[in-house]
Amino acid sequence: MRNGLFEWEKPLYELELRIEELQKFTADKDMDLSREIATLEKKAEYLRREIYQNLTAWQQVLLARHPKRPTTLDYVELIFDDFLELHGDRYYRDDPAIVGGLATFEGLPVTVIGPQKGRDTKENIRRNFGLPHPEGYRKALRLMKQAEKFQRPIVCLIDVVGAYPGIEAEERGQGVAIAQSIRHMSFLRTPIVCIITGEGGSGGALAIGIGDRILMLEHAWYSVISPEMCAQILWKDSSKAPEAAEALKLTAKDLLSMNAIDEIVPEPLGGAHKNHQEAAANVKAALRQALASILPIPLDILVEERLERFRQLGQWQEKAVAASEARK
Amino acid sequence: MQVNGCLEGVDSMFKDLFRTKPKYVTVRPQAVSIKQDSSAGLWEKCPNCENLIYKKGLEQSFYVCEKCDFHFRIDVWERLRQIVDEGTFEELHTDLVSDNPLGFPGYPEKLAQAREKTGLDEGLIAGRAVIQGNPCMLAIADFDFMAGSMGSVVGERVTRTFEVAMEQELAAVVFSAGGGGARMQEGVLSLMQMAKTSQAVERHHQEGLLYLSVLTNPTLGGVYASFASLGDFLLAEPGALIGFAGPRIVEEATRQKLPNGFQSAEFALEHGMIDKIVHRKDLRQVIGRILHMHRKGLVPSA
Amino acid sequence: MQVNGCLEGVDSMFKDLFRTKPKYVTVRPQAVSIKQDSSAGLWEKCPNCENLIYKKGLEQSFYVCEKCDFHFRIDVWERLRQIVDEGTFEELHTDLVSDNPLGFPGYPEKLAQAREKTGLDEGLIAGRAVIQGNPCMLAIADFDFMAGSMGSVVGERVTRTFEVAMEQELAAVVFSAGGGGARMQEGVLSLMQMAKTSQAVERHHQEGLLYLSVLTNPTLGGVYASFASLGDFLLAEPGALIGFAGPRIVEEATRQKLPNGFQSAEFALEHGMIDKIVHRKDLRQVIGRILHMHRKGLVPSA
Amino acid sequence: MRNGLFEWEKPLYELELRIEELQKFTADKDMDLSREIATLEKKAEYLRREIYQNLTAWQQVLLARHPKRPTTLDYVELIFDDFLELHGDRYYRDDPAIVGGLATFEGLPVTVIGPQKGRDTKENIRRNFGLPHPEGYRKALRLMKQAEKFQRPIVCLIDVVGAYPGIEAEERGQGVAIAQSIRHMSFLRTPIVCIITGEGGSGGALAIGIGDRILMLEHAWYSVISPEMCAQILWKDSSKAPEAAEALKLTAKDLLSMNAIDEIVPEPLGGAHKNHQEAAANVKAALRQALASILPIPLDILVEERLERFRQLGQWQEKAVAASEARK
C-alpha cells in the first residue's frame, strides 16, 4: 500500500488521474473533450465495480485494516449525540483500548461500547493498538450491566485484532475476563446490537459480540483466528495468509451464509475509509432498523431468542448407527 | 443455508436421546497415549527430570513421575480409569461426527489421522458417570485429538453435557485439555462454540447446579476463555499450562522473556485464577468430596 | 438499651415525615466557607499556584482558580447554588441531632464548634432538589463539619435519602466530602453506618433507580468504602483526594514515598475506580444530562 | 509482655510459681504441705478472677493481640472437618491474608472465611500480617456468592487489624472492594454467622462482618478505629491508646450493649491463648446454637431481618421543633 492506495487499485487510480488531466485540459485550453472523458469515466466506473466487487478474502482483510478506516470513536461521533465516555473496571485500571459510555441515538439513550484503535502512532501506543487487556473487557461488562439496569439498549462497535496477548494480560486473567463477558452478556435483559465495523478477531471480538442483531460491514472480517496466524500454524508460513483468509471463510458474505451474522451493511465504493460520512450513514440506517426490530420484543423472549441463535450454531453429521457400530 | 439444514433435526434428536438405551463403554486402560507415543522399550524417560521410569509402574503412579511429580499426559480412557467408579461411565452423544463446514483444505485428513491416533471419534467424550458414589455428567477432552481443540462436535457435546445435567439435576464435571483452543478449520463456527458452551454453563448455573472444571495440561485459547474457566470450582493438575494466548504467541507479540513458570497452574493459582492445584493421585477423592458436599439433602445436625 | 430506646420512634417518625410540609431552605450564596476561613482581604491566594485571585471573582469562576484549575473547597450552600435549580431545594431530615452515644470525652464540644463554624447542624444536608429540570434526592457533605465524617446522623440522613428516593421513584445524587471517613467519637455505631448506607444504596439499586455519586475533595475512609463508591456513576472533581486509607496513613504504614498524584481523582480514573472527572463549571450540566438520560419514558424514535 | 505474659499477670504468675514449688517440695521431700497449697490456690483463684474479670479495655486489646492466640486456621482445624481451601479472586491475585473454603460443621457443609495472621514471622510476611488487600475481600465475596448459590451457610471468623493501607492496595481499590463486599454480603440469600475472634478493625472487619448472628469472643475488640490511631488523631499522642480504648467502647460487653453483636463467647480464664481446645469448644458450641437458630428461618425473612438489624443501628436525638426553629 502506498499513499493509502492498495496495489490492486492502481489501474483505477491511473485512469482517474487521466480523467482529471483531461478535465483540467478542457478547462485550461477551452477544448471540448467531453466525449473522451465520458468514455474514460464509463471505463473507470466499470473498473471500480470490477475491482471492489470481486475482492479476494485477503483484500477484504487489508481493506478492513486501512489506517484511514473509521474507528469506533469516529462512528460514535457521526452516529450518536451527546456521547459521555465512562471509564474503569472498578478492579484494576481503565483500559484505553476499549471505550464506552452513554449516548443518545436519535433521542434514545443507549450504551455504546467498542475497542478503539489509535488514529495516529501516539494514540496507538496509548491505546495499545486497540488490543484490550482483561480490564477492558471488565469495563465493557460493567457498562453493559449498567445498561441492563436501566433497560438501555447496548450498541457494540467491534473492530479488534484480538485480545492482547501480553504477560500482564495473562496474569490478570484474559481468558477468564473473556469467558465471563460472553457468559453474562448472553443473559443481559436489554436489547443488544453488535456491529463488526472492521476486524473481528477471535475471542477478543466475541467477548463483546453476543447480540440480538449482529451486523457486519461489507469489508469487515470476523474469524476464529487471523489469517496470518492460521497460515503460520498450519503451513509454518505466514506469507500464505491470503490462502488462509480464503479458507477461513471470514468475509461478511461467508458469515451471513453461516448465520453467524444477520445483515451486511454496505460501504462506500472502495471501502469505508473513502467516505466516513457515507459509511456512518449506512451504519446509522442499519442500526435504526435493527433497533426498531428488537425494541418491541419482550425481554424474556429477546434473551431466549438470543440464546437460541447461538445454540443453533455449529455443523456436523449425524451418524448414530455408524458411530455406534464402529465402536462395537 | 447448508448449516441450518443439517441442524433442523437437532431438537427432536436431542429429545430422542434418552429413549434409546445408552451404550455402556468399557474402560480400556490399555489405551494409554503415552505408550502409543513412546518407543517400544520398557522404560520411559521423564521429560522433566529425565528420571527413567518403569512403564508398568506408571499406571500405579497415575502416570506421574515419582521423582519430580511431572504429570504425563493421559488419554480419556486412563482418565476414566483414575476418576470414575468402575463400570459406571455411559457415553452419550456419540452420534455426532465432524463435518467440514468450510471445505477447509486438509481437514478431513487431519480428522482421519486424529481418529487413527486416538481411537476416538472426536476430541472430547461425554456421558454420565458416578464418582465416588456421586452421579454426575462428565466430559473429558483428549489433547491427542487435534490438540483438544473445540469444533462444532466438541462444542455440541459440551453443551449437551450441561443440558442433560440440567434435565437430570446433576452436577457437571469437565476435564479440559484444549491446547489449540478453537479449531480453526471450522472457522467462525468454531468460535461460536465458545458462546454456545458458555451459555449452557450459565443456564446450568442458574438452576443452582454444581459445575466442577478440571484444567489439565494444556488448557488454552477458546477452551479456556469459555466453559473451562467458568466452573464453580476450578481445579488444576500440577504444572498444567493454563492461559488464553499460548506462551509462544505471547513471546512473539511482546518480544519479552517470559517469567519462570509463566501460565503454569501454580502461576494461575498465585494470580487468583483457580481454586486449587490437586495432584492426580488425589483428584478422584477431591472431586468426590466436592460432589458429595453439594448433594441435596445434607441436613444440619444442629 | 439506651441505643434501642431512642430508635423506637424512628419508624413512625419516618412515616410522618412527608405529612408535614417540607421546609424550603433559601440558598445562601454568601455563606461560602472560603470567605469565612480566609483573612479579611479582597484577594485570595491559590494554595496550588499561588496566583492571587480577586475574591468577588471566585463566585463566578465556581471557586476554581482560573490559572491552574485548582478547585477550592466549597460549603453546601455554594454547592447548592452551583448545582440545583434555584429555589428547588427542600431540606429534609432536619429533626436529627447528634447525640453522644459513647459519652466520648470532648465530643459535644467538637459538635458545638462545628456547628458554630459552618452554621450547619450536621456534616451532611439532605433533601429533594431539581437539577436542570430533573427532580432527584440530593445529599451534600460538608468537610468543614468535623471533616465530613459519618456519625449516626450523617448515616441516617444518607440512608433516608435513598429510602425517600425509593418511595418517590427518584434518582439519588450524593456529594461526598468525608475526609475523616467514620466519626470515631461514635465508635462502632459510626462503623455500622457504612453497612446501613450501603444497604440503602443496594435497595434503591434493586428498584432500578439511578444513583449518581460525586466524589469531592476529600473522600476517604468509611465514606469512600461505603455509599460514596457505590454509585451507578462515579464522577469526581479534578484533584479531589479519593481513597480508603489517607495518604499519611499509607506513608507511615509502608514507609514508602508515595507516587506523584497518589489518590488524586486522576489516579482513581487511571486505576479504573471512577467514571469521569468533571470540572466544577460543567458539573451541573453533566449531572443534569445523566439524570435526563435516565428519565422514564424516553421513547425510541425508530 | 515477657514470655507471653502480661505485666498485670505477674503477681498471679509468681503465686503460681510458688504453688508449683510447694507441690514439688511435697513430692520430693514427702512433706504434707497440702494446707499451705490449698490456701495459696484459693488465693490464686481469687487473684485470677480479680485480674481477668476486671481487665481494662486496653488490656483486652492486648489480650486479643496475644501472639499465641488461636488464628483463623487454628479454629478451622479445631471446629470443622474436611476443610478444602479455595483460592483466588479471579481478577488479580490470591491474597494469603484471607483464607476461605469448604468445610463441614458437624456434617453440615459450610463456607468458612477469615483473615489469617501468620503464626510465625515467616508466615506473617507471606500473609502480610493478616492485613488483606482488595483481592482478599474479592476472594471472600466470590466464595460467599458460591455459598449463596448452594444455600450453604457462611461462617466468617474475623481477626483483622484492618484492611492493608498500602500503595498497591489503594491502586486496586481497597475502598471499592470493601464497599462492594458490604453491599453484596448484606443481601446474600444464605445464613451467615460472623464471629469476631480477635481484632475487629474497622472497615476491614465489617467487609466480612454482615451476619445474621454476630458473635464475639470475650476478649476480642471491634471498633471503628484502632486505639492507637484514635489517640494519635485526637490527642497527637499514640501512647494514650489506653484512654482511647476506654473511650471507644470497643469491648464485647460494650458492643453487646449497643446491639452491634448478639452474643459473647466465653474464653478460657486468661484468654483463648491459654487453651486453644477450650476456646474452640466454646466457639463451636456458640456456632452450633447460632446456626440452629437461623437455619430454620426462610431466606426472605432472614435477609429482611439482617437488613433490619443494621437499619436500626445509630443513635441521635430528635429535635424536630428545635432544629427547624433554629433555622428560621
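Each chain gets a letter, A, B, C and D, in the order it is written, and its residues are counted from 1.
The working rule: a residue touches a chain if its C-beta (ideal position, glycine included) is under 8 Å from a C-beta of that chain, and two chains touch if they have at least 3 such contacts.
In this text the structure is predicted, and so the values were computed from the model without any measurement.
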| item | value |
| --- | --- |
| Contact-richer chain pair [C-D vs A-C] | C-D |
| Most remote chain, CA-based centroid, reference being chain C | B |
| Interchain centroid distance [CA atoms averaged], chain A/chain B, Å | 32 |
| Length of the line joining the C-alpha centres of chain A and chain C, rounded to whole Å | 43 |
| Distance from chain C to chain B - Cα centre to Cα centre, in angstrom | 53 |
| Overlap residues in chain B, where contacts from two or more other chains coincide | 271-273 |
| Of all residues in chain A, the ones touching two or more other chains | 90-92, 172-173, 176, 180 |
| Touch-based graph of the chains, sorted into line, ring, star, complete or other | other |
| Residues of chain A defined as touching chain C within the complex | 82, 84-95, 102, 104, 106-109, 135, 139, 146, 149-151, 288-289, 291-292, 295 |
| Chain A-touching residues of chain D, taken from the complex the two chains share | 90-92, 134, 138, 172-173, 176, 180 |
| Residue numbers on chain D that touch chain C, as the complex places them | 163-167, 169-176, 178-180, 182-184, 186-187, 202-203, 206-207, 210, 222-225, 229-230, 233-234, 247-250, 254-255, 257-260, 307, 310-320, 322-324, 326-327 |
| In the complex with chain D, residue positions of chain B that touch it | 205, 208, 210, 232-233, 269-276, 286, 289-290, 293-294, 298-302 |
| Contacting residues of chain C [partner chain D, same complex] | 1-4, 6-7, 9-10, 13, 23, 25, 94-99, 101-102, 104-106, 121, 152-153, 155-156, 159, 182-184, 186-196, 198-199, 201-203, 220-222, 224-230, 242-245, 249-250, 253-254, 256, 258-259, 262-263, 267, 271-273 |
